[in-house]
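In what follows, structures are represented as structure tokens.
Paired with subunit B in one complex and with subunit C in the other, subunit A is shared by the two complexes that follow.
Right, the complex of A and B next:
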């Protein structure tokens, strides 16, 4: 097979192109939110890109489609700062607190990296939650976006798990007791609780639990998140960006605009993280003491509602049934596209779903408030 | 596809499917075995909930004033030793029966207070207020030559 005469044989790209499928590689690498459409992997890279860019598209680094790329950016910041923190952190019950203290106090920019990591995590799960609600109210779980919905809900759940496991790692009083409080909610659940008890053991964390949380936090959950982000953007590439009914499609632009938007967004996110990390560093109490429960430590905010919900059902109902109910509700949320059989995306076509959504959101807020009050310290 | 192959499918197909099932069976047995090994390997080791069988020495009896409680850091479950009279001590787990927070002894009110949900127990371990429903299960405590000893 003779090489294409149009291809510049002398260039590095041409040399590589004969040995690798660069288009396929580029397509994969840019499928984490950078490139809007699929590329034709049989064509040379330059042609494929030119062809893809000739199709105008609305930049999804702008409201209201910004949330996906925003969470990906935050995940990137989390990855970078997480790797930096891992260079100093020691995951044993005896050394963890001392290593984090050293990092925060003595290492140049150590406290900055530590707090940026914490704030990026908080913003990430918040944005993923907002994104799920936006998808719900705009009906974006309707075909062909069922996969997008499922992946988005799983993204939130896995990000929350990563946040939960991360809170234990500094091994300070706040994180330690927050983890115990959260575990009390989780181990009471029927199936999920059994799995957690099986792999993590009892409710009181020791070095073994810390090591397992650490492994989950730095290897398993980030890989899972990466896979989910990939699936998320792949399905968006395949089914196209969404337009709400009535929204004009005139907001189309060229790739350069999208790229500029992306850079601006990254700088804005970085600015927000720096500001938050500087002005509101996370509470950092003394080293964890298993024999002293500090007052006023609540479970992580996303667990407050579930705790209040479990407590609000009369004790007549056995606790495993309450837990099962909670898990059933969660499963229904993930599998929503197959449960909501309303005819279309428009608000008039799914009034029941919208009312249910408002009711669930209101109930969730009320239960969160109840959980917040219930966990009051003296 | 030539016709002679299709002409006598019975024996050949039967053998082929049997072989296929054998391969599938072998692979699934292998997968089950490997999965079981992995899960058994990952199982968290058992932890002692109550203090281990035996004797816990809780320090001097006379050093403990009447109405005072001593916090004993023992195993995964700390406990309190309370002197209730001239000759009597009580031993109670220091773990709230509601959600397993560590209780604090309130000297003035003579109660165990939970810092998590404002539960309270009296010095005998009975629930006074708050969300706990079960009382604290006491240990058997005795005094041996001015030393408080708990036998479990």
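Right, the complex of A and C next:
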């Protein structure tokens, strides 16, 4: 809309408003969970906000809708601590371990930032996974929330990839060998394995693989996550929050309440991260030694099930077929909204999906346990 | 026909060494040898005429065939004791003189031809220099070379020698180092017995021989009362406690056993040995404890490089106390073990201080939660107010 010549120009906002579409910018910036309704980008900022606030304001900073914003908050903590770590980290095989040692030992609050980053990553993946299962069991993949489902499954997968690439960066014994173990699982997959091999150039990490992991970890994957979070909250804005029939809409209030909810939640997350980082810091281990495999190293926990699956099926089934099966299951998960043709969201309308869900969850837990046990005897 | 062809070939090439035409099996061995590389010909040892093309012609003149065992040392010495000839190779020329002083040489002079002559250790046609790992005189092959005769119980019984020194040596600390771990600085047989002048060391000389390598230990041993007493009693110094060929790695545990060989269980000497052992063990334990603490701190991680260096110093003092024990001077031993213990205690107390300091982290965490809970309480209050306002 063209600037209004009658508008008083004394305020900075007025001056800016004539030169930028502030409403559009505000709409974009707040679409990462801050502002859960759409804004009319054609109206001036103040009016658009006032109009949006006049409508009832569904807050998702409360259980059980909290998981999305919780993961966004954790992602923010990861971003901030990640930038701090990047100020000292050197991504070469020769210097990585020494730079992490300097960071966690000699730099003030370095070890604290390091451990907060690690704990935020663990919680992020766990919460994204719980969120996917909540969506599944509550039928949240049904129209019009197909996009929300696809985005939330992709969020989990990309966050897991970010975690996987991050584990190598300290270049310590555990991270190094865990990466090798994880690569063994991933490289065995028919298409995903080829893509991975193309990107990192081999199954054993050297300085170039470290550099590529670093690049993926600090640039590509965070950007992807940011895009996915944006899509996630945008679709929530457009289709609205989902309330099961009969559920009280107590979360519906005003923006001020939502803001308080957000701040309280952020403080609680911060408190938890500080506590975990202080009481349960990850152990500081020896530098990576490519010629000395430590005993009992397993892939990261989210790869244990795939690891066990690929190893436990009889060798009669060729490994590429096993890998393909695994990838097909994953693709089915992501594309679930287009596969489940049951008529509605209610539990009575999708008995089969619920039974299948429980069966898959149980199988996944069993395979994870098997994958965990596999390394115990070694 | 064939021999005529061979003859023709030999004539046309006019090789200076025609012997190998009829002795091709020797040629195979000789071509590998150092002598061949230095253009020594068959006639240097066997005499005769290397240019002759008939058997009679070759085996004529100075020809002596296979040299007799008793003549071999002197035969080799014609070149190897010749300073002019050996100078370009920078080889010693005293081997023959040494050999004549050795047990082998002395018995040979008495007409005993079973003793070792040059070829028994060096080989004959296929002689290789001792630097060559294939050579029978290469440092790691010497125990086997000596063992050829000295491991032969029947042969040795004739000289009143018992046991198999080669296998005993392989089981001992020096043999393990040399043969298993490939440490070429470890001694072989010749390091203690001599090579060409090989003779068993006599009482009074053992400390000199061991002292070639264990110089510090010998110095302290000479300061103590044992040297004079052992010489008087006819005991072979070092070997009296440490054994000979199969000597095990020395440790303070030896003090429990070897002293009792000569001294009574309740003697002052045995008491002294136990005092030295306790002093050492206690320091060793305390250094190990401090080391474990350093490891714990390094896993946090705290800065421990300085403590590691200091513990290294403590271990050096402890290590020094072992040779000093040979002087039987308790005060000297305790000054070293005391230094090790002192350093270990210092490191332990400083690190404990730092680890205690980390407890304040938990106090800090409590303070953090105190303020966080106050903030949360305030926020919840504001929120409740906002909820009340909105429902109005």
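Side notes on the structure shown:
Throughout what follows, the second predicted complex is superposed on the first by the 366 of 378 C-alpha atoms of A that agree within 3 Å, B and C clash if a C-alpha of one lies under 4 Å from a C-alpha of the other, contacts with A are read in each partner's own complex, and residues count from 1 in each chain.
One rule holds in what follows: a contact is a pair of C-beta atoms (placed from the backbone, for glycine too) under 8 Å apart; a residue touches a chain by one contact, two chains touch by 3 or more.
All values derive from a computational prediction rather than experimental measurement.
In the superposed pair of complexes, A:291 makes contact with subunit B only, with no contact to subunit C. By the touch criterion defined above, A:16 lies against neither subunit B nor subunit C after alignment on the C-alpha atoms of chain A.
In the superposition on chain A, contact is made by A:198 with subunit B only, not with subunit C. Residue by residue along subunit A, subunit B and subunit C are tallied for touches, and B comes out ahead. In the superposed pair of complexes, A:86 makes contact with neither subunit B nor subunit C.
By the touch criterion stated above, A:331 is placed in contact with neither subunit B nor subunit C.
By the touch criterion defined above, A:283 lies against subunit C but remains apart from subunit B after alignment on the C-alpha atoms of chain A.
The residues of subunit A lying in touch with subunit C in their complex are 101, 104-106, 253-254, 256-257, 260-261, 263-264, 267-268, 270-271, 274-275, 278-279, 281, 283-285. Considering their complex, residues 42-47, 49, 71, 73, 76, 78, 94, 99-102, 104, 113-118, 131, 133 of subunit B touch subunit A. Within the complex, the subunit C residues that touch subunit A are 298-303, 361-362, 364-365, 368-369, 372, 375-376, 379-380, 382-383, 386-387, 389-390. On the side of subunit A, the complex with subunit B involves touching residues 177, 180-181, 184, 197-204, 206, 208-209, 212, 290-297, 311, 315, 374-378.
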